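Worksheet: one structure, shown below.
The letters A, B, C, D, E and F name the chains in turn, as written, and every chain counts its residues from 1.
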Amino acid sequence: MEPQLNQFIGCNAPFDDAKVVLFGAPYDSTTSFRPGARFGPAAMRAESFGIETYSMLQDRDLAEDVRVFDSGDLELPFGAPDRALDMIEARSLEIVDAGKIPFLLGGEHLVTLGSVRAVAKRHPGLHIVHFDAHADLREDYLGVKLSHACVMRRCHDILGDGRIFQFGIRSGTREERQFMLDGHVTTELFSDTTFADVVKKIGPEAPVYLTVDLDVIDPSEFPGTGTQEAGGLKFSQLLGDLCRICKDLNVVAMDNVELSPALDQTGRSTALACKLLREELLALR
Amino acid sequence: MEPQLNQFIGCNAPFDDAKVVLFGAPYDSTTSFRPGARFGPAAMRAESFGIETYSMLQDRDLAEDVRVFDSGDLELPFGAPDRALDMIEARSLEIVDAGKIPFLLGGEHLVTLGSVRAVAKRHPGLHIVHFDAHADLREDYLGVKLSHACVMRRCHDILGDGRIFQFGIRSGTREERQFMLDGHVTTELFSDTTFADVVKKIGPEAPVYLTVDLDVIDPSEFPGTGTQEAGGLKFSQLLGDLCRICKDLNVVAMDNVELSPALDQTGRSTALACKLLREELLALR
Amino acid sequence: MEPQLNQFIGCNAPFDDAKVVLFGAPYDSTTSFRPGARFGPAAMRAESFGIETYSMLQDRDLAEDVRVFDSGDLELPFGAPDRALDMIEARSLEIVDAGKIPFLLGGEHLVTLGSVRAVAKRHPGLHIVHFDAHADLREDYLGVKLSHACVMRRCHDILGDGRIFQFGIRSGTREERQFMLDGHVTTELFSDTTFADVVKKIGPEAPVYLTVDLDVIDPSEFPGTGTQEAGGLKFSQLLGDLCRICKDLNVVAMDNVELSPALDQTGRSTALACKLLREELLALR
Amino acid sequence: MEPQLNQFIGCNAPFDDAKVVLFGAPYDSTTSFRPGARFGPAAMRAESFGIETYSMLQDRDLAEDVRVFDSGDLELPFGAPDRALDMIEARSLEIVDAGKIPFLLGGEHLVTLGSVRAVAKRHPGLHIVHFDAHADLREDYLGVKLSHACVMRRCHDILGDGRIFQFGIRSGTREERQFMLDGHVTTELFSDTTFADVVKKIGPEAPVYLTVDLDVIDPSEFPGTGTQEAGGLKFSQLLGDLCRICKDLNVVAMDNVELSPALDQTGRSTALACKLLREELLALR
Amino acid sequence: MEPQLNQFIGCNAPFDDAKVVLFGAPYDSTTSFRPGARFGPAAMRAESFGIETYSMLQDRDLAEDVRVFDSGDLELPFGAPDRALDMIEARSLEIVDAGKIPFLLGGEHLVTLGSVRAVAKRHPGLHIVHFDAHADLREDYLGVKLSHACVMRRCHDILGDGRIFQFGIRSGTREERQFMLDGHVTTELFSDTTFADVVKKIGPEAPVYLTVDLDVIDPSEFPGTGTQEAGGLKFSQLLGDLCRICKDLNVVAMDNVELSPALDQTGRSTALACKLLREELLALR
Amino acid sequence: MEPQLNQFIGCNAPFDDAKVVLFGAPYDSTTSFRPGARFGPAAMRAESFGIETYSMLQDRDLAEDVRVFDSGDLELPFGAPDRALDMIEARSLEIVDAGKIPFLLGGEHLVTLGSVRAVAKRHPGLHIVHFDAHADLREDYLGVKLSHACVMRRCHDILGDGRIFQFGIRSGTREERQFMLDGHVTTELFSDTTFADVVKKIGPEAPVYLTVDLDVIDPSEFPGTGTQEAGGLKFSQLLGDLCRICKDLNVVAMDNVELSPALDQTGRSTALACKLLREELLALR
């Protein structure tokens, strides 16, 4: 009799064989409004058994056509963001150094910083493609620099101007808007109309970190997140964009963050996040 | 002082005068993910008093312009699908034999099989028009043949090739996809673009069983169902299709299934199901 | 140490300096289906701290670019609609007489009548632009004339024919439909296609009372309301219309009603209502 | 095929044969805190099928050993308490005049007044035994005299001093406390220790109206009510008291009020109310 | 990098070393009221990380002082109770034959039958100690013999008279009551006063199957179950009884059933079930 | 027209006149299980209008018989516990130095440390009376020393042996149990039997900080907290203890922490917390 494993459906390749390695960062200590994203990765694993491994859209199957290893959740210290980020960075680095793609499941958006730190060390010239309802470009939030509200600003500290491309942004401060207008990052407000241009501009070779704050999706389709902003992208729109990035760009690392399952007791936000993850994993070239 | 009746609003014609007879099949024993569809019919009756009997869309009134009898719920044995299907078949047959249209309210999708068995006995050449997020074409599910996940396959066992037309399907296995590609059923994935062609192909005379798994609607509009699949039809799109079928085809029997009211505590899924039912009843020629 | 104020975010101008004065009417005694709108204004104040004061859409900031005073909630007697309406009328009149725009937050839709009574006294030739899922044109509801279901009929009693313009209406009785067809009010069913024409027809000078029953929005985007009607306007569509009215017409008074926060435990209905209110306040000329 | 009836389980005696007649008063317009009691009677009927008709406690069966007729809900006008009370009074009088016991299901506590008015007309010397968390003895509430918060005071207006006996009261104003201390009513605060004495004092002949505001039960056992007060009676304690009253006193009319089912989504408050109702019906001599 | 295991906290002994083997039977197809018990075992594993492995009550630690192996959930076919019971029986037999104690986590109460069948084969003279709110002694339920409502009757079919001891029963039919009175089983209604006598009567040597339907606990403490019955045992009372049985009797197999986690969104029912399981595991001699 | 204040009902004395000053610390960043306590103080203020200012138990009225100033919530930086504690300490010190009693509303239990630091500076010989389900005596939690799970250990760092008295503790680690057994703190497990002895031992003169983690109450009465532990104190028991402490000891500062309102959607946990706060404020000598 063998113990049961706790993995996302179909993601049970051995580490050594895997092309992609999932890991969860159940952390939400800097969330400023409604916490709960810490439960995102566990909910996705549990609910993944409500979806098929097969995608009618791509005619591919998670259990047959790709090799993914789900390594489970890190055990992160709440209330100590510095140490939590170090632990995320270490895990991500370990995966990158094994020649695999780290795929981080948040948790709040701050966790992205840990993984970006790791990936940027190994992939000079890293770009970030960022889907989000919020700009996350503040210099600090109530004096705190390691906050979810500042995560893209911290990434900019590492990567510098011209490397971050944002879509779907529809909330921020006047200062954040000015930071965009000053050209530090490339932001499309409210929509993704310029998406094809950006893909073309980045090109198929440049290393790309793809970060998806799921609240970029309209709250009618994805209410299960801490800070809902009406007027978001449609699921089908985002799905198309993400599949295209996974296929056409050189994605070296990814994350999906800010699912807060308890806020949506219908369960459909978690179901949507599971489906999106399946499609991303199937689309990665 | 008379006792109060438990009927859908405006559906209190005497049985003998009725054109349509509603009945509920509160059964969900084979549901593989989240049960609760058993409570669908009762919730619809209770909440129907939150909508008007009058439709601004059709300028028709349920209490004045049609004759519908709501005969209440069957009392079905949980855990005994064979006997439950027999009871559903018997009720449906009784209605068909009285020259009326049986309109079944589920319950899980398996209940459709009972009614299709009855209707197919009396209407040779029966076609099925099927709206659903899921193909429901498995040969068996964990070895069980009388499962919601197999219901269209069981209907195909009865009707044979070329009689089943599916819309909105966006989840299934590779084997189900192959069954479609082999031409046993006619399936449009993800949408309803070919709907007008199918209506034309079936024609105004052929007997039609219309089965609507309400999870065909996008979960943003209809979260109250057990297995939510992002990327569905819009309510207005489905409403248009159903009204057209009711008006232009020879619908001899119908069902609406898989409302699971407790999963959507805002109540809007039940409200939507009530409104859809009203419009279908008003549109039937 | 000063006590904290209970005001919508950024709406802390002193009364004398304010252009707009918010007040809440937490009343829902005549609600015929699911009550709870009484908690709308309090929920909006509390949740307003989850949104920014800055609007990326308008590049304006509630705390910097407009002067709004939130005067809190009236304490209204449940079960005594006459007296409640008197108190609302008095508050609205006090604001109008100070040369300011009263902005009422409901509560159920009946509260609109109190404010319309006040505004009509001071602004002869008042027009009403009305967004709603329901016609609210009944002569009475179960014999009661001061009911949310009759509020526009009561407004028509005051203003007469040709002054009320309705959008998004998709539920009502045959009698209400006839009232529209008889030309007493101008109603667009289901949508807002004729919106631009109506704006043009009213013109930039005529005084306008803008009343928004938030259930005009599709329940997929705004489930937090007592009587949800599928098939509504999109948030972005409504937002565009409201901003245009605020900018192009002579809006002398406004209200937003029928948020029932407890019905949507994801919190996004309240968040949407907060965002809409911010945009309306920023758009008022 | 017969239509289904909407009755509490086992309560389908014909009116003429019945000893007890149930009726619902789905009204909550004067509720000052959280409304929703209007849905109490409907929820009890629907959920009654989750309990047995047989009581192990009393070895009696609702379907076999008593004759109860459930006459359904009145259709009451929200926002018009005067007329609602008239309709309740009329129904209660009709039942009393047929020589039967009216058993009213609320709704908010104000509905009791309608039934007490009827019963007091036919039963001179009427006593009231009152279980409640709240004294309900205010002269008025925000100027309103027909309020749930004043219902016992209005009953005292009818019956005079020495006729009302209260148990479990644990919330009220200083004025209400003084009204008790002045001897107008007999009140036991917090508990029911003096219950046996009161039963003895009233005696087996005097006509008794028994009114039970279910919030007298501790919120740990009965959270589904609008204004929960910690420190209440235990269910078993209340059950014992009520059975004793039903058996030993001359109960001529009863009510159970203030179940607000949507506030307790576990469903156990409704289940408890159903069980309590079964036991009361079985205990009535 | 190793995959994470999906086990109850502290229950990660290898199978060969274990004294107790946990397994889940996520089945609820015959549930007659509100289904959902299928999610019980998964919820307990996930939430077990919210409790300590150490018990202050027993001064013992799950990770240090006992050896338990959690073998995960069986994958059972919904709608096919015969086959589901066969699979449960097979797993239980495998554990018994390895000289270990099978500890089954339900699921609905019917699953007990599978395990009792296995254990009765190997332990002649088996007794059952049964805690439950419901008698579960029906001969059939709507004609179905393999129903949760009949599970103890089916066990009686196997074990015969004098072997089943019930506590806390407070709901059933007149026929079930008669079955008790006829002496087929020994039942204490409502409470556990005779518990010590029963323990003495069974004695320290006789093999005992201990089955705990968690709805025996009062719904105020344990609302997360499908059919809540007011008037139950206190948690502390049950805890004491179960620890005593585990210590003083020869318990050869156990189960805990009928946790339905989604019905209690506060999470405390699952937390209580986790704590109870820890204490039982620590108490087993 | 004056702005509305955001204060607990009846707590609107001016600062200078007040004997007690309330302040909220909406912080929960170190919560290890389910966060949400940050919303506790705001929920208590909003819901306080559902209780009376008058206490039948003490025959005292919050608005008439005591002088309390509610100074609102601090704006604390999530993810920066050091700075958050500094801000809490500063506020508490300001109140103590004005000769008043600071009454802190959490937030998670860590916030207590800030206030204890302030109070210990001004009151040599400070004692702590601590009600809680959890020992909170860990040296660190996942390496973090400023964690809710360590708060009493940090207080012990300040006060030393013999100064902390714990009641109701029923969860902890073996190490925490040893810390108790070593005599560093005085702990009564599970109950409060020794309460009177402790009160006597401390005596009427020694300065006391009273800290109440509301999860000490049994989850049946108080489910709205992050980590529920079955087997807690009854509300009435705790109420009696707290009133006695407030009357008989020299309480120089207090707090009530760990209400997490969103976890209990019935609202009764918040209502209970409001009532308890009223009684404490009325009992303070």
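Miscellaneous remarks
Simple rule for what comes next: a residue touches a chain if its C-beta (ideal position, glycine included) is under 8 Å from a C-beta of that chain, and two chains touch if they have at least 3 such contacts.
Predicted model, so just to flag it, every value in this text is computed and none were measured.
Number of steps on the shortest path from chain E to chain F, with steps defined by chain touch: 1.
Listed by label, the chains that touch chain C and also chain F are A, D.
Mostly differing positions are employed by chain D and chain E in their mutual contact, as under half of the interface residue numbers are shared between these two copies.
After Cα superposition, the angle needed to carry chain A onto chain B is 120 degrees, rounded to a multiple of 5. Remark: chain A and chain D have CA centroids separated by 55 Å (rounded to whole angstrom). One finds 39 Å separating the Cα centroids of chain A and chain C. For chain F, the set of residues that touch two or more other chains comprises 34, 218, 220-221, 265. Chain contacts in this assembly follow no simple pattern; the graph is neither a line, a ring, a star nor complete.
A list of each chain pair in contact follows: A-B, A-C, A-E, A-F, B-C, B-D, B-E, C-D, C-F, D-E, D-F, E-F.
Only residues 50-52, 54, 56-57, 59, 61, 218, 220-221, 235-236, 239, 265-268, 271-272, 275-276 of chain E touch chain F when the two sit together in their complex. Considering their complex, residues 1-7, 12, 15, 21, 42, 46, 69-73, 94, 265 of chain B touch chain D. Partner chain D is touched in their complex by these residues of chain E: 33-34, 169-174, 177, 189-190, 218-221, 223-224, 227-231, 263-265. On chain B, the positions that touch chain E within their shared complex are 28-32, 34-36, 38, 75-81, 83, 110, 141-144, 146-147, 262.
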